[in-house]
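So the structure is just underneath, and the comments pick up after that.
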Amino acid sequence: MLVEFGATRVLCAASVQESVPRWRRDSGLGWVTAEYAMLPRATNTRNDRESVRGRIGGRTHEISRLIGRSVRACVDFKALGENTVQLDCDVLQADGGTRTAAITGAYVALADAVTWMRGRKLLRGDPLITSVSAVSVGVVDGEPRLDLCYEEDGAANTDMNVVCTGDGRFAEVQGTAERAPFDRAELDALLDLAAAGCAELTRLQNEALAR
Amino acid sequence: MLVEFGATRVLCAASVQESVPRWRRDSGLGWVTAEYAMLPRATNTRNDRESVRGRIGGRTHEISRLIGRSVRACVDFKALGENTVQLDCDVLQADGGTRTAAITGAYVALADAVTWMRGRKLLRGDPLITSVSAVSVGVVDGEPRLDLCYEEDGAANTDMNVVCTGDGRFAEVQGTAERAPFDRAELDALLDLAAAGCAELTRLQNEALAR
Amino acid sequence: MLVEFGATRVLCAASVQESVPRWRRDSGLGWVTAEYAMLPRATNTRNDRESVRGRIGGRTHEISRLIGRSVRACVDFKALGENTVQLDCDVLQADGGTRTAAITGAYVALADAVTWMRGRKLLRGDPLITSVSAVSVGVVDGEPRLDLCYEEDGAANTDMNVVCTGDGRFAEVQGTAERAPFDRAELDALLDLAAAGCAELTRLQNEALAR
Amino acid sequence: MLVEFGATRVLCAASVQESVPRWRRDSGLGWVTAEYAMLPRATNTRNDRESVRGRIGGRTHEISRLIGRSVRACVDFKALGENTVQLDCDVLQADGGTRTAAITGAYVALADAVTWMRGRKLLRGDPLITSVSAVSVGVVDGEPRLDLCYEEDGAANTDMNVVCTGDGRFAEVQGTAERAPFDRAELDALLDLAAAGCAELTRLQNEALAR
Amino acid sequence: MLVEFGATRVLCAASVQESVPRWRRDSGLGWVTAEYAMLPRATNTRNDRESVRGRIGGRTHEISRLIGRSVRACVDFKALGENTVQLDCDVLQADGGTRTAAITGAYVALADAVTWMRGRKLLRGDPLITSVSAVSVGVVDGEPRLDLCYEEDGAANTDMNVVCTGDGRFAEVQGTAERAPFDRAELDALLDLAAAGCAELTRLQNEALAR
Amino acid sequence: MLVEFGATRVLCAASVQESVPRWRRDSGLGWVTAEYAMLPRATNTRNDRESVRGRIGGRTHEISRLIGRSVRACVDFKALGENTVQLDCDVLQADGGTRTAAITGAYVALADAVTWMRGRKLLRGDPLITSVSAVSVGVVDGEPRLDLCYEEDGAANTDMNVVCTGDGRFAEVQGTAERAPFDRAELDALLDLAAAGCAELTRLQNEALAR
C-alpha cells in the first residue's frame, strides 16, 4: 500500500513466511520485522544507494529497528503462530516524517496480511491487540507543530517522534533536542499534540482497512 | 517518471551533477551512468535487499551496465559538457522485461534532464544524437513474440534483448539460448520483430516528451 | 576515564583532531562525534566481534549516534573552533545501562579534552554551554525504578533512556514499551525520576572534574 | 589447461563436486558454474586485486555469468547426475578476447572432467549434447574482423561476442555498439564471420581432446 | 584477567563452548582459538576501529593467528574433549610487546578455563601438557634487550618474538630485521636472552595461577 | 617471471609507479610492497576465491606482509627515489614452500624492475644493497630437511621459513612448532641447513639475472 502524508510517499508491503527466525523456533511464537529504505532520488539531492556503498547506514538501521519495535507493540505473538511477517517500507518521495509515515502504513500492511493469513487458516487467534500509528511533532518558532514537513523539520528546535496505540497509550517516545534542550512544559505540550494526532491517524487507518 | 509495460512498473529518474568522474576530468567530455535496482516486493516472492546482503548481485550489476551503455549510445559527450547525468531505474513491480522497460524510460528521463540543463545553460550543444528504446523478444511455443511477460519469459526457449536507436539501427543485441540453441533463421525473425517493436516505442517516447 | 555504574564498566576516551570532517570545512564550526563498542566478553555470554563479522550491528550504530547527539547538545561549535573531538566508549563489562553510562562518561572525557585544548590555545571561547548526563529508568513490578541492572532491565515493561543537561532540561527522551504500552501517568512518573537521577549525576561529574 | 589466442593466455580448470547447490538438491539434475578472474598484471597497466578491494567488479560478474551460461548450453543436466562442475578461468595475460578464449577453453576443461567422471562412474549418461566455442568479432576501419587483439578492440566501432555450438547454432549473441550503432547489414556480416570462426575452433577443440 | 607489562595492558578472557568448529566435529578432539584487538585509544594516536572500516587489518589477523598457534602448542586436544576455548586478548593500552603480553596472559586465561571445565566434568584428562609464555627481544644500540617498550621497539634494528614452553623449549621464533639484517651471533644472543625471560614469566604465571 | 621449485609454480611480477603511498610523500624515499594470492585450483582440492568471499584470509594477509618485509630488507629507499615497486606473487600450482618460492622470485622480479628503472633514469643510486632469498626447512622423521614438499610439510614436526640476504645474514626467521616444541639443538641444525640453502639460491638468482 502507498502512504502519503503531504509530499511524503512511502510504499509499505507485508510478506508472510510460514516459519520464524532460528532463535525463535519451537517457541510457538511468531515474529514481525521491518526494513526501511529510501530510493536515491526520494530527496531533492540524490543520495548514494546503500547497496552500492556495501553497507547500511546508521540512520537506516535505526529507523528499521524503530518501525519493527513499534509495530510489534500491537502484536500477540502466540496468536500469530510460528509465522513471520516481514514489513518493507520504501520511501519513494521524502518531505519530512518518513519514519512516522512508515510506521502508520506498516500497521495497515500488517493488518491486511493478518486478514490474508486468517483466510488461509495460518493463525491461532487474533494477533492484533490494538493498532499502532505515529506522528512527528516539533517546536517551530516557539510553537508546537504536528507533522513537520522537511522545511519545518530543519527549522525545529526539538524533533519528537511519538508512536501511540489505538487505545491512546504510548509505544515509543523519541524526543531529540536538535538545537536547544527542551524543558518539561514543552515536552508536555508536544506529548498532548502527538496523542491527538495519533488518534486522528487511528481513525484514518480504520477507514482504510474498512474498504 | 514512471514507465509501465503491462504489469511491469519502473521508476526512472535523472540527476544532474556539474562535474564528471575523476578519470574523465579536464577532457571536455560529459558522462552518463545508470543504476538499476528492484524493491524487495517487486516480484511475487520477496527478494532480500542487496543493501542488507552487503553486496550487489551479478544480475543487478549486469543490468545497470547494460542500461548505462545503451543510453550512452545516443549521447554526444562533447555537447554535454563536463556534466554527469546519473540515471536511477527502480523497479516497483516486475512482470518480465524490466531491463528493457528501464532503458526505454531512462532515455525519456535523460531527455527531460537535457531540457532542464538547456534552460540552465549547462550544455555546449545538443547532446542527444538520437533516441534509444529497447524490447525483449523470444520464441514461445515455436513463435517469435514481443514484450514477454514473466510467464512467457519462463516458457521461452530463447530470450533476446534488443536496443535500437530512433533511426532504426542497433545499439545492443543480447540473445541467450535459455534451453535450446537457436539457428540463424530464428535469429533473423527475432531481429525483425524487435526492430518493429522499438520503432513503436520511439513514437511513444516522442509523444511523452512532447507533453 | 573509566565509568562504573554498579557492575557496568565503560572506558571513555576523547581524541582531539585539529580539523573537521569534509562537509564541515571552512564553516568556522567544530564537531563532536562518538563511537560505542562492547568487548566480546563484556556480557556473560560471548558476543562475536563486529570487526570479524565485517559490519557494525544496528544496535551499535544506534547507540553511537545517540551518544554523539547527546553530547553535542551541550557544545557551542563556534567556540570549539574547527576542531573535532572523537569520543570512544568501550564497554569492558555490561550489566544494564551501558548507553547511559557511556553518555555520562563521554561528557567527562569531553570536558577533560576541552581543558587540554584550552591549555594549547585551540579554542575560540568556552565550548561547553552546560553539562550532559543520562540515566535509564523503567517500570519493574509496577514501580518506577532508576538505573536498572541487567536483570531488572529484562523484567521491565518499559525502558526509558533520558539525557538531561546540567541546568535540568532534556536533551533526549527515548521511551520504549518492551511489553505493554505505557500511559501518560507512567510516563510522567518516569520523567520525574529521571530528572532527579540526572541531577545527582551532574553533581558527581562536577566532583570528578574538580579533581 | 592453458588456452592461448595470440598473446591472450587463459588458464581453465574444472573441479568436480559430488553434490549440487542447495536450490538444486533432490532434482536429479547436475549443475555447471564458472568463475572468471584476471591476474593483476595480465594487462599492461596493473589492475587492483578484487580480493583486496573486497568486492567483485561488474565486469567480472558479467563475464563469469556469460561463461557459465554459454557452457551450460551444451549440457544435459540429467545425464550429469547430481554433480557440480566448477569451471575456473584465470587470465594470465590479456590481449583482447579474454572472455571468448575463456569459454572455448572452459568447454575443453569440462569435456576432460566429463571423461574423468565417466571413469569414476559418476554419470548417468552422456552429459555433452554438443560442444561450445566462442569468438569475438568487430568492425575495424569499416571491415568485419575476427579475433580482435587489444589494439583492434579499442579501434572497433562494434564489438560482438558470439557463442556457437558444435552443430552450428547460436548459444549467445552479444553485440555492443562501442561508438556508432550498427545497421542490419553490418550485423549480418558479423554473424557470418563469427559462425565460420566458431566452426574452426570446434575443429581445434576436437583435436585437443583427441590427444 | 588483566596482564600488565610496563605500560602495556591487555585484557585476556577465555570463553568455553561445548562444541567444536564444523571441520573438527566427531574427531574426539577439542580446539583453542584466539582473537586479538586493540581499543582505538590504546596507542597515543587514535586508530580507526576495524569494525568501522569493515575489515580486519593484516596485523590483527597475523597476531590473532600467532596467539592461537602459540597457545595450542601446550594443549592435548584429546584430553580437552570436543570443547572449544575461545581466547580474547583486547589491548587497553599499548607500549610495545602487546602480542607477547597477550600470549602470556592468554595461557593464564586458558589455565583458569581448564580449572573451571574440570569442575564441570567437561574434560577427558589433563589438556595442559605444559605452559606457554612469550617475550619480545631486540638489539638496541648494539645490545640485546628484553621486553622492549614502544620507544626502544622503534629504535631496535632487530625485533624478535619468542614463545617458549614451561619446559624450556621453543614453540615459535619470529625474528625480523627492521633495518639491518642480523648475523648468526646476534641471533644466538637474542635466543639466550629470550629463553631466560620466558623462564621468569613461567614462574610468574605459576604464581598467578596458585592464587 | 615464473619460479618453479619442484611442483610449486609461482608467477612473480613487478609493477613500477612513479609515486609513493600518501604516508610516504615528500620523504624522498621509495617503497616496495607485495601481494600474494593462490589460484583456486593451485591446490589439489579447490579453494574458494577470496574475491568471491569478499575478504582476504588471515593466511594470505600474513604471507603478503612477509614477502614485502623480506624484500624490503635489501632495499635502499633513498636510492630508489619516490617510486613504488608493487610485487605480485600468484601461485599457479602449490606443492609446499609457496611463500619462500614467492620471496625468492619476488627478488628477481624486483631486480629486473630496478634495471628497467635505471634505463629510464628513475633512480638516484643503486637501490639494491644485497639480494634476498628464502627456504623452508623442517624436521621430518627426526631429520632436518630442506625445501619440504607438501607431503613432507604435513609430516614435519617443525616448520621454519628463513629469509637470508646475499651476504649470508638473516632478514627473517619464522619457526613454528607444528606438533612438538623444538629445543635449541634442533633450532641450530635448522638454521645451518637454511643458510646453506639460501646461499645456493643466491647463486641461482644471479645466474637468472645474468641472462
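Observations, loosely collected:
Order of writing sets the labels: A, B, C, D, E and F. Residues in every chain begin at 1.
The rule is simple: a residue touches a chain if its C-beta (ideal position, glycine included) is under 8 Å from a C-beta of that chain, and two chains touch if they have at least 3 such contacts.
Everything numeric here is computed off the predicted structure, so don't read it as measured data.
Common neighbours of chain A and chain E (chains touching each): C. Counting only chains that touch, the fewest steps needed to get from chain B to chain E is 3. Seen from the Cα centre of chain D, the chain whose own Cα centre is farthest off is C. Annotation, chain C versus chain F: rotation angle of 120 degrees from the Cα superposition, expressed as a multiple of 5. Per-chain CA centroids place chain D at a distance of 49 Å from chain E.
Note: centroid distance chain A to chain C, computed from Cα atoms, is 26 Å. Residue positions of chain C touching 2 or more other chains, listed in rising order: 54-55.
Starting at chain A and stepping first to chain B, the chains sit round the ring in this order: A, B, D, F, E, C. The touching residues of chain F, counted against chain D in their complex, run 11, 13, 15, 35, 37, 39-41, 46, 49-52, 54-56, 60, 86, 88, 90, 92. Touching chain E in their complex are the following residues of chain F: 55, 57-59, 61-62, 64-65, 69, 73, 130, 160, 164-165, 167-177, 181-184, 187, 191, 195.
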